[in-house]
Amino acid sequence: MKTPFVTDLNSEQSITTFFLVHEKEIRNTREGKPYLRLELGDRSGTIEARMWDQFDVAIRDINRDDFVKVQARVEIYKNRPQLSLQQLRLAKPEEIDLADFLLHTKEDVGKLYAQLLEYANAIANPWLKKLVTGIVSNPEIAAKYKRAPAAKVMHHAYLGGLIEHVVSLCGLAKQVAALYPELDVDLLLTAAILHDVGKLDELCYDRAIAYTVEGQLLGHIMMEFETVSKAMDALEGFPPALKTVVQHLLISHHGQYEFGSPKLPMIREALVFHYLDDLDSKLAAARAALALDSGEPEWSTYSGALGRKFLRLDQFLKDFALTPPDKK
Amino acid sequence: MKTPFVTDLNSEQSITTFFLVHEKEIRNTREGKPYLRLELGDRSGTIEARMWDQFDVAIRDINRDDFVKVQARVEIYKNRPQLSLQQLRLAKPEEIDLADFLLHTKEDVGKLYAQLLEYANAIANPWLKKLVTGIVSNPEIAAKYKRAPAAKVMHHAYLGGLIEHVVSLCGLAKQVAALYPELDVDLLLTAAILHDVGKLDELCYDRAIAYTVEGQLLGHIMMEFETVSKAMDALEGFPPALKTVVQHLLISHHGQYEFGSPKLPMIREALVFHYLDDLDSKLAAARAALALDSGEPEWSTYSGALGRKFLRLDQFLKDFALTPPDKK
Amino acid sequence: MKTPFVTDLNSEQSITTFFLVHEKEIRNTREGKPYLRLELGDRSGTIEARMWDQFDVAIRDINRDDFVKVQARVEIYKNRPQLSLQQLRLAKPEEIDLADFLLHTKEDVGKLYAQLLEYANAIANPWLKKLVTGIVSNPEIAAKYKRAPAAKVMHHAYLGGLIEHVVSLCGLAKQVAALYPELDVDLLLTAAILHDVGKLDELCYDRAIAYTVEGQLLGHIMMEFETVSKAMDALEGFPPALKTVVQHLLISHHGQYEFGSPKLPMIREALVFHYLDDLDSKLAAARAALALDSGEPEWSTYSGALGRKFLRLDQFLKDFALTPPDKK
Amino acid sequence: MKTPFVTDLNSEQSITTFFLVHEKEIRNTREGKPYLRLELGDRSGTIEARMWDQFDVAIRDINRDDFVKVQARVEIYKNRPQLSLQQLRLAKPEEIDLADFLLHTKEDVGKLYAQLLEYANAIANPWLKKLVTGIVSNPEIAAKYKRAPAAKVMHHAYLGGLIEHVVSLCGLAKQVAALYPELDVDLLLTAAILHDVGKLDELCYDRAIAYTVEGQLLGHIMMEFETVSKAMDALEGFPPALKTVVQHLLISHHGQYEFGSPKLPMIREALVFHYLDDLDSKLAAARAALALDSGEPEWSTYSGALGRKFLRLDQFLKDFALTPPDKK
Amino acid sequence: MKTPFVTDLNSEQSITTFFLVHEKEIRNTREGKPYLRLELGDRSGTIEARMWDQFDVAIRDINRDDFVKVQARVEIYKNRPQLSLQQLRLAKPEEIDLADFLLHTKEDVGKLYAQLLEYANAIANPWLKKLVTGIVSNPEIAAKYKRAPAAKVMHHAYLGGLIEHVVSLCGLAKQVAALYPELDVDLLLTAAILHDVGKLDELCYDRAIAYTVEGQLLGHIMMEFETVSKAMDALEGFPPALKTVVQHLLISHHGQYEFGSPKLPMIREALVFHYLDDLDSKLAAARAALALDSGEPEWSTYSGALGRKFLRLDQFLKDFALTPPDKK
Amino acid sequence: MKTPFVTDLNSEQSITTFFLVHEKEIRNTREGKPYLRLELGDRSGTIEARMWDQFDVAIRDINRDDFVKVQARVEIYKNRPQLSLQQLRLAKPEEIDLADFLLHTKEDVGKLYAQLLEYANAIANPWLKKLVTGIVSNPEIAAKYKRAPAAKVMHHAYLGGLIEHVVSLCGLAKQVAALYPELDVDLLLTAAILHDVGKLDELCYDRAIAYTVEGQLLGHIMMEFETVSKAMDALEGFPPALKTVVQHLLISHHGQYEFGSPKLPMIREALVFHYLDDLDSKLAAARAALALDSGEPEWSTYSGALGRKFLRLDQFLKDFALTPPDKK
């Protein structure tokens, strides 16, 4: 593990460590002297860096999205911390531990993917099964599916977060369909597996999690609407009414216009799926808030996504164990 | 079954049928002549009625909430339909079918109640178990619990609707807790069983579903906050922090301030329970909208509670069966 | 012109006239006797009709969306007007004037379409020109484009309303681009011509204006997103970034999430086009409100779409002519 | 008065002063060396402090909520100011002026409490009088009532603020009831005196103003609903309808769902009381904003609670005295 | 009192009574035969009327805003009630009781006006006193002030309602200023007396309460802003800063942008006055709702202005008298 | 050009440069020693400054709104940057370049004003022409009109910004009126030229852009409502109805209550003008966001006014030129 991380930097400290280059440019001082300005980062955050001399070599070899090794001093400039670089070179691949730059799910992605395939194969309706398995077993999509985060900051914001979220939703879908016979489990599973495939390309997550320009301009709902629609068109004979139903499931899953769904759920499965998706996402956001130290022993940090903080139940109930050990 | 119902009345029709008396008063015409004014109803709606002569006997015997047999003519007065009564007498018990006056769940209430007790007894935490079983097995409460509707119009708006809703929620709670080990199933079950007990007294549902004055002024959240708090106080040694947690589960279950929850859910179980309650209620509202004939073969009636209509999936997909028979 | 129209019907009147069949079904009275129930309409509105006897022949020949000739009596039933049918037969084509059933733009659709083609051909960018002209000169689309209304009730709610709206927007686009050199006129024209093509299939308007099921479940933004995306994919070499830009123009044109745009305009042309579209639509809604008699000489009818009524400026200024005749 | 306050600290400054200990813990550096971490504060704010050596004695004697004397240097660490402690000892009681740690009303709390009792005793209705006087003359409650602030930040956010607010409301209630004979002054006084008693336990205000966990999870409306309900139950024979009315007054006093009132005022006294409470609170917020120096001579600081700043009328009207001296 | 009122009309009834002419016009039938169309009304509402023959004399003598005597039959036409006129003549002044056409305050307007003058004369600031007394003692304004309603439907919607509202506010202003020494009573009285003078011309209320075109296009806030500004300009030497303050009081009195105030209150007196105005208006709306019979003995009618119904406290508390007679 | 600007200051830097004095006061240290406190600024921002010794001369000569030359050191005090002044004197007029203190339109104001007069003279309606030309050719107003910014921060926030905005709107008005014959171009031009004249006095912009107290308390809509109303009153014979129409155009131009328009547009020209004003303002806001460097090559800075960032189309489309050079 690299040391220190961006969030560990103290003023007037001298450091030697590795960073990812987020931005690189040459600027001029007022006196016309060129200098190098970089934005550097790791999984904990980003910081500006400037190099005033002897950066000619660095210009040639180093580009955005490269990993670098730096020797630098931590300073404050215009009230913001920055690095004054003394040495800078490309890092060697063997020096870099990708886990220092991107957080990762703690679960086994291979197992999660196997579960996903199992859910896809359990779909009874032949058209939906063909559609869903075709998409998730496409090697290019599968590779991204195993890696994509579910969001940039809201919930499951780490590599593998998307598949973790989707497998969880498949489990919920199965259970809920078992309780309400009026619901079609195939539609719920289809919604669960396909409702966020647009995120595979809405976000980029090679070396950091960010939005692509397409993601910003279109959003994952539109992107998956297009790719899934094409996939249905490619299946000869796919019933047109069923296509409309699948499209409706995708575009209505945010549940409200102001959350970017151009249509309210008007099919029972779409209504129910919206609640399941919300439940799993919001619970993950609560979990993330509780995972951080807020300074207040009984409370989580404030979750911007949920507009509140959460109680640490065990701290509040103290010695009192909610479920007696012999009953667990 | 009585005939006609209020919604079947046509102008200038003469009828002989049974009604429930919602209101009764003696008024005077402008000329000072007294007449009898009643509000009569059945499960389909209500209508005003007037009797101009020979109502002295009726005055003596008939009161609000009595069932009556009437012979009348349907007229229009000041632009509203009304009955002009020719004959009026108390109905005999054997003439009345309560089902003509209040809709009832199609499920077996005895079985539902047995399931409820089973869920209550499955609570592992001794304090919560004592609290919940104490409430639902109190004979007075049990009697109401078996009969209460879950709402006046929004969802499960029929006798037995509340217990149907609660048993459904217990099932959901069990399933969801199994999927998320971070959730305490005892808290979820407690929330499910107690979150609407205030409705036992917020609504009256002897002969029609309506709000009590207390229900209007306080609402079921405040009413159950009081009764459940008292029940916890009555259990000597009930942990104060656990009491606060149960209170929070009750008052936060509407999830948003604008839906009458004075606090947002700040415990994970409260957050999750809010979604489960919303899912079961809104799905029931969709079910109710689909149960009515809208005139448009592919669409349900418009659900005011949900602000939309719902698609009849089977009609839209037509001959195409979503799940092939051999896969069911 | 047929006479009377639905809005001319008076109670207890006997009529002989033509209608469009919106719905047809056989129902049974309580006594089990079958009767025919129709929903009939013309361009002014719709009315229920019932036929009690000798409707067997009608059952065979008449279906939804047929035109019929009826002889009937106007009655009131359950407080709603209805027709009691005495005679009913299929209308002969030569008896029907379609203009009695659907309102039509007062402009010459042929000329409007020629203008549209001219605007499309004036696009300088070769990819956009190829895309736009390809779509509007497709015979199937052209036929619909000449006929489609722009909305069911909000604005331009008559046959030919869409093309009238689009040609007006092209004129605005040209003018505005001339005033702001920073704007690309090609993108504005592309947005103008394609932004509502989804309405060609969101609405059906053969014999009355209504939403299709696809239109209800998906909406015109999603429908045109799909068709225009396919059209771009079909043009080999179409630049992917330009495709994203066109998609963004389509999905952001409602300008706000709550009006069903899943993205806010983030390109200047998208921002400007949103205002132009709003201006033309809302002005048309004001125009429509002013075209109706409100009973108040100085005011239009209340426009539900705009939440207000409009002043008749000429009435309010009275004898005083705003622009003196010699200055016009 | 102590010097400096937290908000007076400058970087690289050496200080000797008093603080309240908000948190205390022993942590380890990365190298495993233990150090002391404190959160220190006074009435102006809080700051982190660290002590690296010779803190063994401090560990033994000093705890959360103790007052301490420190000698320290102001530094910046991870971009946040902090104190590096050189000396640390318990403060002696005689060294501490509590007013440095908590703001206090400028009025005489004894007099305010006497006025409160007078208003309570002026209630004519025997049940309400018994209820209100019973609560405010309970010694434990009285002690808190004399000390509690009315809020953490919004208005009257200082010790004694609550009783100041309540006495002011009693005065308003009397006056307004005199002007509107339709209003029952007893209900208004009851509302005034009891509407915020939940704040006695929603906030803690021993050495700083903060929310208790119960306060966060339940809020003062629910807390007083419970305690006042119990107090009514304890008065044998208290009329049930009157109990409902008092409960409604308490829960509706925020006036709107989105401000945490689960019911809108549906009794005239509840409606009026809501306006009086709002008037007194918001005027106090304006007063607080005007009490601070904004840098702009004619304007107060910006009030977050009210979303605006206030004009200093005397500055704006300048030499011009609004009310001439001889008319005052 | 006339009989019947518009709201008393039944279909197929023959009536002889008096109405006010709201509109009059000659129209032609489809066959080209002229007929007379009137809109007639009384204090309870309006109804359309048609006269088919022998209306030539009526045309000459009768105009909008005349009172007429009619003999007519109540019919239904195009699904709306209307009168078919058989006889029509101008009413004689002695036949008309104005109270049948407009509701009137129950208080003595002369006394209210005297109180208003007294409040105006009690203003100590010489400029404000000159301004306010100058306006209210202007004979033309005084005449309107004694007659104007405070609103069309919301509150005090009857002749004299405005002065009743204003005198009530002056009383509140005096009391509240006595309780809060920081408030300037002169500004509060000025606001109370002038804040609605725009309503003198926003509404017309000669024979019915309605908006003028100016009222619709500008609103009373703008109208009084103009007239009061002019009145200040006409007072030579009126301090400009004081003028700005008075203008701010007028335009901010609705308290929120969405209620038509272009500025939020930013002076304490403006803030307080807004609450007093709201309190008096909303209490009047509650009073109006309670004055009507809702059919439910314990509840008022639903107040659209307030979005709720109100409890009849005396009914709910029943035999129990809130304030014991000997304590009143 | 002066150097450095406020936004260029670094800690511990020594500078010699020019500033505008925003505020000046003498304060005392805790020890009672007087010192000078100034607020200094230039077009880039403001900073506090303190002078501890030998400032007696400066007190005499220097006042708010003077330009000064300073020699100072950049320090951090209470966590905010400030200047410690060593030398301070009045700047000589020839030392100051006003452009260092206020941003200015890049267009030629003389030409813009000539265009404005031309548009005003093109108004055909004699009353509107007299009104508009009278206002804009008034020398005092003309001088302000040539100088005023259109806003403090939202759009056209520089000297000459208002006239730039208005001339642009006149061009739009002409074009749009040509496309919609139902619109009266005179009303649109009148709205364009007068709709922001209140900003001439709402803002002050001699040496920096700020709100006047009148501007804060009343806003430009009210201020121009007053001045334009007076101007109409001063034109003998100006038709009263036309006056109301002009007033309505002014007060409705923000289009929504929540943006400070006390009336919604209820005349077609008012509706259309609102859209044109919004289009030109928002496009200017987008332009301003795109003019700043965001660090992200494909995106503008985030526009707070619009709640989004904008795409740099040329960067995103890269080598691909939207409009081919030969087609331009």
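A, B, C, D, E and F label the chains in the order they appear, each numbered from 1.
Here is the rule we use: a contact is a pair of C-beta atoms (placed from the backbone, for glycine too) under 8 Å apart; a residue touches a chain by one contact, two chains touch by 3 or more.
Since we're looking at a predicted model, the values are computed, not measured.
Within the contact network of the assembly, the step distance from chain C to chain D comes to 2.
In terms of the stated touch criterion, the partners common to chain A and chain D are B, F, listed by label. For C-F, the equivalent interface within A-D, B-E or D-E is the one where over half of the contact pairs agree by residue number, namely D-E.
Where chain B touches chain E, the two copies mostly use different residue numbers: shared numbers make up under half of all numbers in play. In terms of their C-alpha centroids, the spacing between chain A and chain F amounts to 42 Å.
Taking each chain's centre as the average of its CA atoms, chain B and chain F sit 60 Å apart.
In chain E, the residues touching two or more other chains are 213, 216-217, 241, 244-245, 266-267, 311, 316. Of all possible chain pairs, those that touch are A-B, A-C, A-D, A-F, B-C, B-D, B-E, C-E, C-F, D-E, D-F, E-F.
Residue ranges of chain E in contact with chain D, taken from their complex: 124-126, 168, 171-172, 175-176, 178-180, 182, 184, 186-187, 239, 241-242, 244-245, 264, 266-268, 271-272, 275-276, 278-279, 282-283, 286-287, 290, 307-311, 313, 316-318, 320, 322-324, 327-328. Within the complex formed with chain A, the chain D residues making contact are 23, 39, 76-79, 213, 216-217.
Those residues of chain B that touch chain D in the complex are listed here as 213-214, 216-219, 221-222, 225-226, 229, 241, 244-245, 247-248, 251, 257-263, 266-267. Interface residues of chain F, counted against chain A in their complex, comprise 3, 7, 9-11, 76, 81, 295, 298-299, 311, 316.
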